[in-house]
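Labels run A, B, C and D following the written order; every chain starts at residue 1.
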Amino acid sequence: MPVQVRGEVLDVRRAGGYYVLSITAPGIPEQYRPGHFVTVGIGGEESGLILRRAFAIHQVQSRGVYGGTLDVVVGVQGKGTRWLSERGRHDTLDIVGPLGKPFILPKEGVPCVLVGGGYGSAPLFMLAEQLRERGCRVDVVLGASTEEKLYGVLDIKRVSSMLTITTEDGSSGTKGRVTDVLPDIMERNNSAVVYACGPMGMLAAVAAIAAEYRAYSQCSVEESMACGIGICMTCVLPVIGDDGITRMVRSCVEGPIFRGDLVRWDEIGTIPADALGAPALDMS
Amino acid sequence: MPVQVRGEVLDVRRAGGYYVLSITAPGIPEQYRPGHFVTVGIGGEESGLILRRAFAIHQVQSRGVYGGTLDVVVGVQGKGTRWLSERGRHDTLDIVGPLGKPFILPKEGVPCVLVGGGYGSAPLFMLAEQLRERGCRVDVVLGASTEEKLYGVLDIKRVSSMLTITTEDGSSGTKGRVTDVLPDIMERNNSAVVYACGPMGMLAAVAAIAAEYRAYSQCSVEESMACGIGICMTCVLPVIGDDGITRMVRSCVEGPIFRGDLVRWDEIGTIPADALGAPALDMS
Amino acid sequence: MTRAMFGRGIGSAAEPIPNTDMSAELASLSMPSPVLTASGCAASGRELDQFFDITKIGAIVTKSVMLRARSGRPTPRMCETPSGMLNSIGLQGPGIDEFIEVDLAWLEARGARTVVSIAGESVDEYGKLAQKLRTAGGVDAIEVNISCPNVADRNQVFACDPEMAANVIQTVRRQSDSQTPIFAKLSPDVTDIAEIARSVVRAGVDGLTVINTALGMVIDVETMRPALAGVTGGLSGPAIRPIALRCVWQIRQALPDIPILGVGGIRTGLDALQFILAGANAVSVGTMTFNDPSAPMRVHNELALALSERGFSSVSEAISYGHRGADIFEADGAGEIEPE
Amino acid sequence: MTRAMFGRGIGSAAEPIPNTDMSAELASLSMPSPVLTASGCAASGRELDQFFDITKIGAIVTKSVMLRARSGRPTPRMCETPSGMLNSIGLQGPGIDEFIEVDLAWLEARGARTVVSIAGESVDEYGKLAQKLRTAGGVDAIEVNISCPNVADRNQVFACDPEMAANVIQTVRRQSDSQTPIFAKLSPDVTDIAEIARSVVRAGVDGLTVINTALGMVIDVETMRPALAGVTGGLSGPAIRPIALRCVWQIRQALPDIPILGVGGIRTGLDALQFILAGANAVSVGTMTFNDPSAPMRVHNELALALSERGFSSVSEAISYGHRGADIFEADGAGEIEPE
């Protein structure tokens, strides 16, 4: 059950193009499973920015002098992430979490491949650890537009069986996209499960490749979220249910992790004509 | 001519119930005369607080390593002053000044009395210095509800011929109000000019006493200001002009210093029936 | 009401009374708190129950439900604005039958008071919704969201036309259990909100919810197109609080006795107090629940303190207290039009 | 206009064109910038001229002037609100004669373009104001502030009634030099702003200023009375920007060719760009000038950069660009009503 806590910033460090914030957040690490996210209040009581921002939980430390602490990796996109990047030690933050449905882990030690785009690598670290503990082979592919936008290359190496890097400008690793290298990796290792986190376009392509190789895929999506806890209905996308019916489901509570083969990637941003309750009654 | 500058906070120190901020503000100290004020932008670009806050200039240092710097004394009243009190070294502030009409100084060395209520003492320090330089006797009366709300007792002692303190709770000096001690002081020293800065009620009472003793009075008023530069018309109060006609004048540009005998103190917050353009056409 | 409005001053104003009576009434609905959730900002209460005990606040106002399941609008459905947000959800929901079976049943089992918000595309649809609710358990009140386009009439919004609004209310009143209080939720996007209020009151409504969102828009400066898929959306949050408060005030001036549920940008107990002083009998916390999932409970606690600090021994004493001395029965509040 | 709206895409979108043509037209008024001040937020330009060269922006829109000197309302006249403020000045001013003699003369001597805003309490008074301006020098355009109560007609606000608004405009048009463009300034506090727009356009207005403040209110939680002496006041600032932008968009949809001066909460060049993309031919910076006395000039500079970064070589290319692809001639914008 998610909790709302007043966290203290223990540390803010730059990592390439990102900021890594370590925050005390008693109650959250204890419940954490890989794939969970938190939301953070922005700007204080007099701020004109009233919506919380969502971040994947990157690391948790359940014990230690500070009680439970967690790390998030923040890429500066707009006003809220800029404000967060300017926080310093001892600042307090309003944290809600853990939120969302976590990644589902295989019961047995099957070969897995983890794909992260940009800061999308953040939730994959502890996932990799837990998969390794279960005896899974863990191949990792990290991709970004340029080297600066890769996160955690050195650290994830330690928990991965093999790490492949791609950048669109070739500044690090293979020049190209994660999807250029993924089929090869899956073929070579007989990957049974693909875990992916990154931009929607990447997820769609990864899900397609997984389907092609008959692998099970789990994708962590990123939809604009106003509340993060399931009460606003802003974060929906079309997902096919067990009954074969497509519904506009809330990615904050029914996701952010979805089975790649059940998300109707091409129709995100639309209401598919066969979705439950469609068509959107257009008022015009 | 007022300028708008990006100032750097050099220092924030507590003084009793107040915060004293030293800020670089090139261009302002150079033009400063006692009674001038500055306005400060609050909360940054994403703040929900969009109006500047006004503060009397307390001290200026025109030379020095930082170029021109100025001090303001901030009492925490609401959201904006709280934010200001939380600033630290190296923070930048958006400063506009010098604003308003300064105190008028006597050409000759006449006996003067300076009356400050609460942080209203802030603009009196440099006024006292300049009056002393002109050979004026400078008596000072500082009053507040309680000792904590007095500002600068020790420092102003140095520039005053005699300092009298009053507090309403008797925690420092004479128990009572500045107006309880003022007549006596004026009588004893034959005061020719009274300078006052503080709450409206105090100013009204001081102006009345000055009139009684046929002294010239200069009062620094504090009306709610949206712009501070004369463009919004929110800061008006009824003042009698040279032509004997009462007008609703802007305290930010035609004040904040007014002759005590020309302000219609009792009618502040109303439109006097004989004011130019009165009555306020009441729409109901 | 009228008594509370003119009756006593604030007794022992200086002494904070620790045990402010926080009970509140909205027509025949009695609640332990004057703080409710707002429709569309609390789903059906289940998620918020993780953050505070939803039986402790006044009531859960559920997301407006329609006759049939509805997918809503495409994304993007929201956009942050200065001290506010725009939304264009398009009333996504399961339809009344599933709502009654799942959501309402859960709320009833949970012991929460429930105000069911309904929305239709025709007068007839509103009537059918009311019929369905008549036999359902756990309906403590009905809020009629009339900020919907009437598909039969050039898509004019019911809430923007006094007659259309009255038709909806008459129909809902007729189809509902006479014991169930019915509230009409008004839109601020009208020339004269008091006129709409009077019209729905004449049509038999038991109270008014004031206000729904204001129509707004943002253009994405990167795509250079409307930021919302729905082009325009509803503006909510602290940005619109002064508008909402003005609407409550105007309606209270026009209708001294009608129960009012005040909504719009409430963030703190002091914000809630403003609405109560302006004439609201209770308040809903909407958008700020997205900012702080415990907001409704926190607002309740802050309001209790604020009332007690001001010497009120009960919520009801504070209702409309901001009007004291004013000639509250003057028509239209025309006297307060701003000529700037 | 229509050409700009549908014509070219953004040429070499990626290449910033350093020399964006910033000239702008509002009906027959040509200006070197599409950024103006807003009435009541710049006095008559003299104070702002200390902070930037007022001849470099589009024009100074002066504080609405009435026939006679006017003292305005008692204080408090303002109150800060989340991302906005309320004001209730009550149109304090010197009256038209002194205005012409002092303010207008100064503006003319200074070489600034001037849009004179006028306000009356009756149709007749508007006519007299226009007459006075006919013979005055330095009037580049007239903005008719119709958000004033008509004392003759139950104090109904001119801007809230299509017929009353049209009467004012007809009279001003008749009494003015036919060469002087006349703008009507519209209020957002109406059910259908496009209807008012159409009505004043039929009455002969040359352009529309969109929008004036929205009626709002704050209650002081210490005094427990309205925070403004005038009880209600006009809400302005970034808080209302989404409402203002929606109004501009709706009017542009309804009237593809009418010049629009967009106003409401503009703080940055990107905010100004939103208005232009929504259909404004030029914009006024109001409240944010209180926050930053160089705001109009800064917004001009930021807008020039924003346009050039997006590959626009002139302001006019960007006007209504946000509507591209949409069926702009569809009536009423009814399609965009938010059903939440």
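What we mean here is this: a residue touches a chain if its C-beta (ideal position, glycine included) is under 8 Å from a C-beta of that chain, and two chains touch if they have at least 3 such contacts.
The model shown is predicted, which means the values in this text are computed figures rather than measured ones.
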Compare the CA centroid of chain B with every other chain's and tell me the farthest one. A
Have a look at A-D versus B-D and report the one with more C-beta pairs in contact. B-D
Cα centroid separation between chain B and chain D, in whole Å? 36
Expressed in whole Å, how far the mean CA point of chain A lies from that of chain B is 55
With chain centres defined as C-alpha means, what is the inter-centre distance between chain B and chain C in Å? 45
Quick check: what residues of chain B touch more than one other chain, meaning two or more? 48-49, 283-284
Multi-chain contact sites of chain C, meaning residues that touch two or more partners: 40, 82-84, 87, 89-90, 149, 155, 237-238, 334-337, 339
Think of each chain as a node with edges to the chains it touches; is that a line, ring, star, complete or other? complete
Flag every residue of chain D that touches chain B in the complex, lowest number first. 40-43, 47-48, 50-51, 63, 68-78, 80, 82-85, 87, 89-90, 92-93, 95, 121, 149, 151, 155, 229, 237-238, 287-294
Touching chain B in the complex: which residues of chain A? 43, 46-49, 79, 83
Counting only contacts in the complex, chain B reaches chain D at residues 1-2, 4, 41, 48-52, 94, 96, 223-224, 226-227, 229-237, 247-248, 253, 268-271, 275-281, 283-284
Going by the contact rule set out above, which residues of chain A touch chain D in the complex? 48, 282-284
For a test of understanding, state which residues of chain D touch chain C in their complex under the given definition. 40, 64, 81-84, 86-91, 119, 147-149, 154-157, 160, 189-192, 212-219, 221, 224-226, 230-235, 237-243, 245-246, 249, 265, 270, 273-274, 277-278, 306, 310, 321-322, 324, 332-340
